[in-house]
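Since the structure comes first, as structure tokens, the remarks are kept for the end.
Order of writing sets the chain letters: A, B, C and D. Residues in each chain are counted from 1.
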Amino acid sequence: MRNISVIGGDLRIVKLIEILAKDDYKIYTYGLELAESISELKNVIKTDNLNEVINKSEIIIGPVPLSSNKQDVNMLFSDKKLSVEDLILSINDGKIFIAGNLYENVYRLIENKNIKVIDILKREELAVLNAISTAEGTIEIAIKETISTIHGSKILVMGFGRVGKILSKMLKGIGSDVYCEARKYADLAWIKAYGYHPVYLRDLDQNLGKFDIIINTIPHLILNERRLDLVKKDCLIIDIASSPGGVDRNAAKSKNIKVIWALSLPGKVAPATSAEYIKETIYNIFNELDNRV
Amino acid sequence: MRNISVIGGDLRIVKLIEILAKDDYKIYTYGLELAESISELKNVIKTDNLNEVINKSEIIIGPVPLSSNKQDVNMLFSDKKLSVEDLILSINDGKIFIAGNLYENVYRLIENKNIKVIDILKREELAVLNAISTAEGTIEIAIKETISTIHGSKILVMGFGRVGKILSKMLKGIGSDVYCEARKYADLAWIKAYGYHPVYLRDLDQNLGKFDIIINTIPHLILNERRLDLVKKDCLIIDIASSPGGVDRNAAKSKNIKVIWALSLPGKVAPATSAEYIKETIYNIFNELDNRV
Amino acid sequence: MRNISVIGGDLRIVKLIEILAKDDYKIYTYGLELAESISELKNVIKTDNLNEVINKSEIIIGPVPLSSNKQDVNMLFSDKKLSVEDLILSINDGKIFIAGNLYENVYRLIENKNIKVIDILKREELAVLNAISTAEGTIEIAIKETISTIHGSKILVMGFGRVGKILSKMLKGIGSDVYCEARKYADLAWIKAYGYHPVYLRDLDQNLGKFDIIINTIPHLILNERRLDLVKKDCLIIDIASSPGGVDRNAAKSKNIKVIWALSLPGKVAPATSAEYIKETIYNIFNELDNRV
Amino acid sequence: MRNISVIGGDLRIVKLIEILAKDDYKIYTYGLELAESISELKNVIKTDNLNEVINKSEIIIGPVPLSSNKQDVNMLFSDKKLSVEDLILSINDGKIFIAGNLYENVYRLIENKNIKVIDILKREELAVLNAISTAEGTIEIAIKETISTIHGSKILVMGFGRVGKILSKMLKGIGSDVYCEARKYADLAWIKAYGYHPVYLRDLDQNLGKFDIIINTIPHLILNERRLDLVKKDCLIIDIASSPGGVDRNAAKSKNIKVIWALSLPGKVAPATSAEYIKETIYNIFNELDNRV
């Protein structure tokens, strides 16, 4: 039985602890005293001594993402406060620290220490799996925010990356008429292979007028004021690209085009599944660590 | 240019009028004075004289459904009141009256008149098309009311009728692991042919414990107290069967099992699409009327 | 351990015996002496005494189909000859006789006997399951007989019955652009719900010119000489409708249009799967017999 | 109207010429005198003077692949012989030469010349599109060479590259139970996202016994003698990996396991579609050339 220490986090981390406990890990927690569902689990030890929690395990799991303001550790199920700096400085040599969305200062703080730091959100497999939740959350929005069925609707997905691929598959599975925009010939070939309608970026303008819904996954301005003029008046635009998004929201507002900007869907739409994915990724990391020389 | 008269109804009827107007019909309306979107249409004449509206056209379209209380005509976009009896008595011989959910008293009122009455909700093609909207609305609920993705979830669809068939297809298209319950061998063969897992009614009990979501489409009590004991504690049950539904809701409540009873989804989820389907069905009716001797 | 007697048949019946033997039935066979694969099975007793074989079991399974010429029992794995009349007359009262494609004379022969006769090919569930094999065999032909991929091809499926439904699903699953012809409004609604392009029979002529492949499932002449003139020159026509088929083959020949008439695909394409389906249907029959009073 | 010169090739090149001619290019050909279908086309000029053909156009299209023996130019529709060396030496400065499967000696021959040489089979978009044909050809084999339907069969696809991805999608579309083997965690995540069963390479052995069909796309020995012992006796193995393939064919033979080694499927299965794909890729190349400074 291996120990794992967990510090802070949101509902996904709570669910993760439930799974790890079921898998027979012994879990020491800090900053999760308000999480009721794990209070009764016999493998889970809640404590309010940070150093003790850190000392108990080789593996320290932090929040995903670690911090929302680059200062305080995200601890949704705690009344306590903990700065990222204090947390990092508490971790002693020889530990493995896994958390999400690490940034420059975190790396600087551990620079001269012998700590292995892993940003789990940079793991490709987790990014792919999270795209499933994002796609599903987008579909919920598309059904809810229109007065038509998405079955039979013409939908443009802009960007054929992880979310673009999975979302297109799901939309087609429901019965939408799916168009995908891309700028690389190979992506257009894939779009065709998967049975969607390819829209080459240079032909975007002349196609924009036919869509009932446009979903953007590209994180830079594509639907600018000029292009918004080409869109159907009752078209719904869903922007799921991370900041700054891909839509000129002010222009859209003045043209009365409905834009919904949806961020961080995985944690909101399906925290239990997200926890499952984080667990799988952590186990992959364990596997890699076991196989290191 | 043919005339059509439209009396009362909800957003679907308003959208229907927009489509008919675009198709170059001239439309006389009563009981729709608050529907702004059709006020500016040049083919649409709003009036508050019921008899005039009826006299203008051979075809009279009423609400879908006609009445919610079997007494008053449903007129969501009107401050007026009109009884079903007064409406029916106003319709003179030679007319064709199309509305939804007609009931015994309506048929009795026209008994000795030469009026063709058509309950559009009894048309098989409309029932099939409405099942699309119902399925989609159910998916929205399933995504929203769970903390897991429906991708990868084990979902049981009870009943393999219109909604069961379309819903199963959509769920599989999103990536759920779909099980369908049926009691006829031929239905089980279809379920297998379409790639879902067949669950024969007599084997239902031993399977109930494995589902994350159960969706019932059968309008009589199947998930009784005894069977609810076999269901996973965190299973979500969505009952979309018409009254009395298929779930013992009191028993579920006392067992803390989440049940959502969702009715009349097409009009709520996708009124514009519903209007489109009603239009297609009306055109089919027109076609049949044109071909009568 | 129940006994089953099996008389004659083709590879499907041999495979069926293998499955029944594995399921612990004791099987007496006649007219299958050349079927090597079942010679070594300990539950299978080969004999050349017809009456003995019949006497051993309540259930007698004959060929599927029983006879190809309405005279001799189909016995592909035998050097013997047996007339249908002799077979039927040998069956004594109290037996259950299951075979395929029974015809009038068979029913007349048992008229005054107390024998339960079941034409297994009339069972709806078997008809559905066999449609899977037929659809798959059709796809093999479509890939083989064209110089294009069926992915991306425009394909018309005429008739939306069992094979039409399953074939359309598979073709779409491979990536074809699927059109389905039907004449009932409800079927057209289903076609739309499943995401194919509906072609109403009255609009067939104006659409015929756009298809790369046309697959007919309707057993009466639809692609007559006049319509064949509307078809693309290099269109492949696959006719899987039972005799007389739906294509004027002489006219097609004179116009140099390639027509492939494919019959009885299940037994040819997938005898092992067909045996599996026959077994399931037989078990359903057993179930019904067990539940009779 | 641009000129294009075409030298040698197989049916795909003939079909390509038909398409280019339809798109209003003027085409000079050498080594295609036996291709009847292009004889009557007014835009196509057949000649037996190699230098003249080369001089007429900036763009020279050679066979795909250029040579089967690294010596002679592939010219299926010609009685003439032409060495690769002679062809390359005939091409003068300023030309663009497009062909398939170029090799070291070709590059050496043009080393000091000002010729732009493009190996079209190295273009990612063509590789993706060709994978569609390969997948379809594999499905034809799978249907033909088994006595079961692939609907409902358990099929393992080894390798999740271009063909693995598209083939898995098509197989699932027909109704197979699809398992995909991969060794990268990210690929396993994709496999899960697309709804197939992931099989991690290290778990391959314990899974091998359950498959009805195994399709290998990995070009090095995976199904070695030891692993072949784990495979079901009546399992069909289809090896579509390029030489040396991934199956120990001798071992398989001695164990009586059926192995089909299928190479170069696109040209065999769907030459017309392949021509279409080559055309698209050539147009992409033209586009890139037009945009060069």
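Following the convention adopted for this analysis, a contact is a pair of C-beta atoms (placed from the backbone, for glycine too) under 8 Å apart; a residue touches a chain by one contact, two chains touch by 3 or more.
Just so it is clear, the structure is predicted and the values come from calculations on it, not from any experiment.
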| item | value |
| --- | --- |
| Label of the chain whose CA centroid is most distant from the centroid of chain B | D |
| Of B-D and A-D, whichever chain pair has more C-beta contact pairs | A-D |
| Cα-centroid distance, chain A relative to chain D, in whole angstrom | 37 |
| Centre-to-centre distance between chain D and chain B (centres being mean Cα positions), rounded to whole Å | 50 |
| Touching two or more other chains - residues of chain B | 132, 151-152, 169, 175, 192-193 |
| Residue ranges of chain D touching chain C (in the complex, touch as defined) | 11, 15, 132-133, 135-137, 139-140, 143-144, 146-152, 169-170, 172-175, 269-273, 276 |
| Chain C - residues contacting chain B, complex | 123-126, 128-129, 131-132, 166, 169, 185-186, 188-190, 192-194, 281, 284 |
| Interface residues, chain B side, partner chain D - complex | 151-152, 175, 192-193, 195 |
